[in-house]
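Comments concern the structure below.
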Amino acid sequence: MRRVALPALVVFAVLLPFGLSAAQLTTATFVVIAAIGATGLNVLTGYAGQISLGHAAFVGVGAYTGAVLGSDHGLSAFVWIPAAGVAAALLGALLGPIALRLRGLYLAIVTLGLVFIAQHVFFNAGGLTGGPQGRAFPAVQLGAFDFSPGKVLELGAVTIDSSGLYYFLALILFAAATAFTWNLRRSRAGRAMVALREREAAAAVMGVDVGRVKVTAFVVSSFLAGISGALYGSYLSFAQPDQWSLLMSIQFIAAVIVGGLGTTAGPLLGCAVVFALPSLLKDLPFLPAEGSGGLSAGDLTSITYGLLIVAFLTLEPRGLVGIADRVRRSRGNDTPSKTPKLTVTTPKEAHP
Amino acid sequence: MRRSPSIATPLAVIGASLVIAACGTGDSNSGDDGSSGGTSAGTVKGGPGVDVAAKTIRIGDINALTGPASALGKPVAAGHRAFFKALNASGGIDGWKVRLTIKDSGYQPQQHVQIYNAIRNKVALLDSFGSPPTKAIQALLDRDKLVTTPASFDSIWGADPVIAPVGTPYSYDIANALDYYTKQGKDKPKIGIVYQNDEYGQDGLRGYKAAKDKLGFADGGRQTFKAGDTEFTAQIQKLKTAGAKAVVVVALPSSTGPIVGTAAALGFKPQWILQGPAFLEQLITKDGSLNAKPTPVAAALKGALVTSFSAPWGDPGAPGMKELVAAHDKYEPGQPPSIYFALAYASSKVQAAILRKAIGDGDLSREGILKAKQNLGEVDLGGVSPSVTYTPDGGPPSTKSLITRIDPSVDGFLKPVEESYGSDVADGLGTGG
Amino acid sequence: MLEVRDLTLRFGAITAFEDVSFDVARGELLAVIGPNGAGKSSLFNVLSRVYEPQSGSVRLGGQDMLARHRSELAACGVARSFQNLGLVGELTALENVLIGRDHLMRCGALRGGLGLARTEERAHRDAARRALATVGAQDLAQRVVQTLPYGDRKRVELARCVAMEPQLMLLDEPVAGMSAAERGDMTELVRRLHRDQGLTLLLVEHDMGMVMRVADRVLVLDFGRPIAIGTPAEVQQDERVIRAYLGEELAVGA
Amino acid sequence: MTEFLQLLFQGVSLGATYALVALGFVVVYRASGVINFAQGAMLLAGAYTISWLATDIGVAFVPAVLASVALLALAGAGFQAGVLRRVAGEPTFVLVMITIGAGIAVTALIEALFGADQRLLGDPWGSSSFHAAGVTITWVKLWGIVVTVAALAAYFAFDRYTRWGLAMQATAEDEEATLSLGVPVARVHLITWALAGSLATLGGLFLAGFPSSPQPTLGDAALRAFPAIVLGGLRSPTGAVVGGLLIGVTEVMTSGYAPSSLGDNFYAVAPYIAMILILLVRPYGLFGRAPAERL
């Protein structure tokens, strides 16, 4: 079953752009770019159980690193894309020690603060970020490949435009990220993360260096966030500091939860729902045309979007992967996949 | 026994895919895909968004009907609709009808890009709401040579040939207003500024700084805030302590109210100078209409100077206003009178002028429309907004400001004091950036 | 090998135990018994550095254990099991045992993620399988732990302790909640580890039958104070021990 | 000095509003371990309901406020019973995510129903004020402080002297044990959510009062109350109040006195920085204690 599924998925992903309209391809590209970042967050939250609402800050750091190195210093995308990951990872490494002291939702709120602090820095570091006015981001140039709008790649009869190029680049990086985390999960560090998520104190007694594992999870997570940010900024071509907002963090965490925490397919599925759904909903035929008075399609989209999250998680708290499991089980084969439940240890405090 | 766990090494995945690097990218022969009836018929050459056989032209409007700017986006969309409905009803442009496609990006750059890619080959002209979203698609607009009218007055637009802003840049408005204000009195008063910490605020600040240097008034303090703040006491207190006689407000209406209200409560009553977007009719009364219940800040706003986008509603001094009000009453009666409606109406008028010239030239291709825009010359907006001029040299379409004073006793609450005010300060500003 | 001196632990006003001192010689199996609330588990939690004692010292092979962080204990040669199981339910038995070998592995996340840690991984998987075989659980390797019966989980946990290759093993109630047959198996297993492999063991247990069968010496705690230490036979005769257990069943024999 | 006093008053009045919002968070968190991200939307809904009743329907102001408090209490309880109860026992973050989804939906619904324009609140105070020791005191701010104090006193009395308060405390300590004692835990959860709705409404009322007005961005203020609850300790009602005041004063004071080298609008992040610094020293907030570690 699995042996057929993976190649089929790859073929599907590769052929997808040729069956989509320009707008749908744009959406798909954003989804795959986001999925790289979500794959990172899945390591931190899904594997290691650390809830972060600060993902947007790392995405932003990656985007600006890419812009400064790629645009201002004219370096190759071979340099600035990885460098974006490294810069974000460094920030992650700095934050790890703070995370060591905090548990559960305390960490969530502190990382929420990180988003606001990062935005403050972005707003005031005008030399790097353009300040409030925002700045342009470089188009990817990989050797002979130019990803700027207006450039096309012709492979025989097939023409791939700028959006398509970004799509494939993002797809390759996403595949690499997924392979990395898949391996990770089945190696020493990944197991240690899961142990940490389930029983932090017990894991430590078993010899797991809890501090190092947490920092590692933060580093991997923010590295992928940085890569995602570099591509996002580049594909979007322009952004202001308020782009890297709490809303973006919430979308990321929603994506990994809706997709199914700690699962391999979760980040991509979740991103497809969270990042593509609003634009898909808007095109529903029964919605009123924009500006035709009454409820606007935009408002209806947001309402539907919020309600879908509520309804979905109420009915299937394990996410999309949980639904896939149900379908499979109802067909009577296969054991349930190992979808972990994220148990936040709610600290019981004594208070006076 | 299970095989040891691994799928292809991530490095291998990247490596393999880079093998294709033998080929490379080239330029696309852009623009001519996806248009319906793109071939020339009769004497007019078609292009994307142009149906030569049916004689229709489609204009896209990526607006902000939801999200933080929706209070402004909705009247803008209504203004566009009303203008083109009226235009089509009166026979269109030499028999050509204009169709409008309105989309909502919620003021989000990412959504804006997605929608742009969806409609770019289906439209001949574009309206794009807001600076950040428009900047996100600017590179794409340049590539597609799609003439675009932004609902945004950033100075920087003047530098891009495909962008056709309809109005005076923010910085010019501030410079003109300060020039006007300082020339009313004999001595040089202290003037402060409160501005929103974003690019809109920054452009206003640019005008303020230029005016301060040129006009030589004293700095009464520069205070910033974040959109959405409700607490302004500290900022106001500092302006008050500095002794500012006049204060420029570069804000959105949701902040203008608290700023002016806080000042009033603290007994600080400077001459307010509001940048155009800082004003909204609902700042004065409950629903923005003349006889509705006044707001708590209405009294404090009385007498404030506003660099308005457009003449007051129904202004008899503006010949174009009659036609505008008629179109409003007939096609968009549900939309309360708004300067944003008038602004959008005027910008649609410019779009119609561009199309008229392109049709006259017999070329509705992207290149033809761009050429028409660059060579359009002056467009008289009937006093609704100061007239605009487009030339191949670029630069701001207008450097003149419509300066008004808030008067809660008139419809629309704005009374013009200068219909088309220009100044040396403004003229020296350039496009910045 | 293990020297505990004057160890005291308090939670606010409540004293968990006070002035506990004892030694465990290399290759010895010392059992700690006592009525509920005597402080046995708290003692374990201090030894595994979960609780911070107010005073006293713990030395292992001459090293000061209280200066170490709890995650360093494994590398110092201390392994422990947990009363309520320290297993990760969603992982397989093999993966759980592998967690116990974390301190013996060297490859970090980067090599692991890039798939460059496979040689090491394979070696440790083999070791983990051997540990599972030691406790007779080799067939459970690929089973997800939360689907296993309780007795099997206990064995997997013991396998993890074995896989940690410790000098000193702390077992917290290894037969609690087991059926009689399972108890017998587990007792035998512990005895084998002790006798055949020469492991040093410290055992907290309620099941006197097991204690009497496997322990070299027994330490009795009551209300946080050591009241007796000696061979099983000596302790059984001790008057204070009998008094402490008054009203509680002192299950001797099986 | 006058300036300092003026800012202090503004800080305290802002802090009082944060305290109301923070208490709403803490009440829910104590009983269920969930941080209610829909608190901002509830606050917004409360402010708009008051505005709608008082200006569109024409209900007198005080009854409008009371009715809104009751309506939002019902809505809170309804959300708990209709949605959250179904997912009881699921991982905390699933519940938190559900509150985020609900928040998005409610905020969009309000915008769809009322439009994005600003509205009048319909309060009797408007911009009226008086002066004391050179400090301008607007009536709406003063009433904000008075109502906050009254609400807090009522809450603490409820918490301390009624059996529901005791039940809430017990549920917070150990839900299973409480259930086994025969305390109707389900009803306790209903009550906490009803309380959260009421407190949010009062918070919304004073955030939307002069010089502000009901507008869709008001809900963001709930985000500023986060530092308050973390500062105080997520489970401590006293902490929420102290944290709220601290954050309000910090915000206004840094707005007034922070050097420009800290960047524009430093005041907006000062609460978060204060929060992180305090958490580094006290990881469970000023009033929280580290939990006994469980293995």
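So that you can tell them apart, the chains are marked A, B, C and D in the order they are listed, and the count of residues begins at 1 in each.
Going forward, a residue touches a chain if its C-beta (ideal position, glycine included) is under 8 Å from a C-beta of that chain, and two chains touch if they have at least 3 such contacts.
Because the structure is a prediction, the values reported are computed rather than measured.
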Treat touching chains as neighbours: how many steps, at the fewest, connect chain A to chain D? 1
State the pair with the higher C-beta contact count; candidates are A-B and B-D. A-B
As a test of understanding: of all chains, whose mean C-alpha position lies farthest from that of chain C? B
Using mean CA coordinates as chain centres, what's the chain C-chain D distance in Å? 48
How many Å are there between the centre of chain A and the centre of chain B, using C-alpha atoms for each centre? 33
So, in whole Å, the Cα centroid of chain B is separated from that of chain C by 73
Could you put a whole-Å number on the gap between the CA centroids of chain B and chain D? 37
Expected list for chain B, residues touching two or more other chains, is 5-7, 9-11, 66, 70, 74, 197
Give the residues of chain C that touch two or more other chains, as numbers and ranges in rising order. 50, 82, 86, 113-115, 121
Which residues does chain D have that touch at least 2 chains other than itself? 108, 111, 264-265, 268, 292-293, 295
For chain A, which residues count as touching chain B in their complex? 6, 21-27, 30, 123, 131-134, 136, 139, 142-155, 159, 161, 163, 165, 168, 172-173, 175-177, 179-180, 182-183, 186-187, 235-240, 242-243, 278-279, 282, 289-291, 293, 296-299, 301-302
Going by the contact rule at the top, pick out the chain B residues touching chain D in the complex. 66, 68, 70-71, 74, 197, 224-235, 237-238, 241, 253-254, 257-262, 264-267, 280, 282-283, 286-288, 293, 295-297, 300
Going by the contact rule set out above, which residues of chain D touch chain B in the complex? 3, 6-7, 10, 14, 55, 108, 111, 115-120, 126-127, 129, 136, 138, 207, 210-213, 215-218, 220-221, 251-253, 255-256, 264-265, 267-268
Please output the residues of chain C touching chain A within their complex, sorted ascending. 48-50, 69-71, 73-75, 79-80, 82, 86, 88-91, 95, 98-100, 102-103, 105, 107-109, 111-115, 117, 120-121, 144, 160, 164
Chain A contact footprint on chain B (complex, rising order): 5-11, 13-14, 17-18, 20-28, 30, 63, 65-67, 70, 74, 77-78, 81, 102-104, 106, 109-111, 113-115, 117-121, 132, 135-136, 138-140, 143, 197-199, 201-202, 334, 433
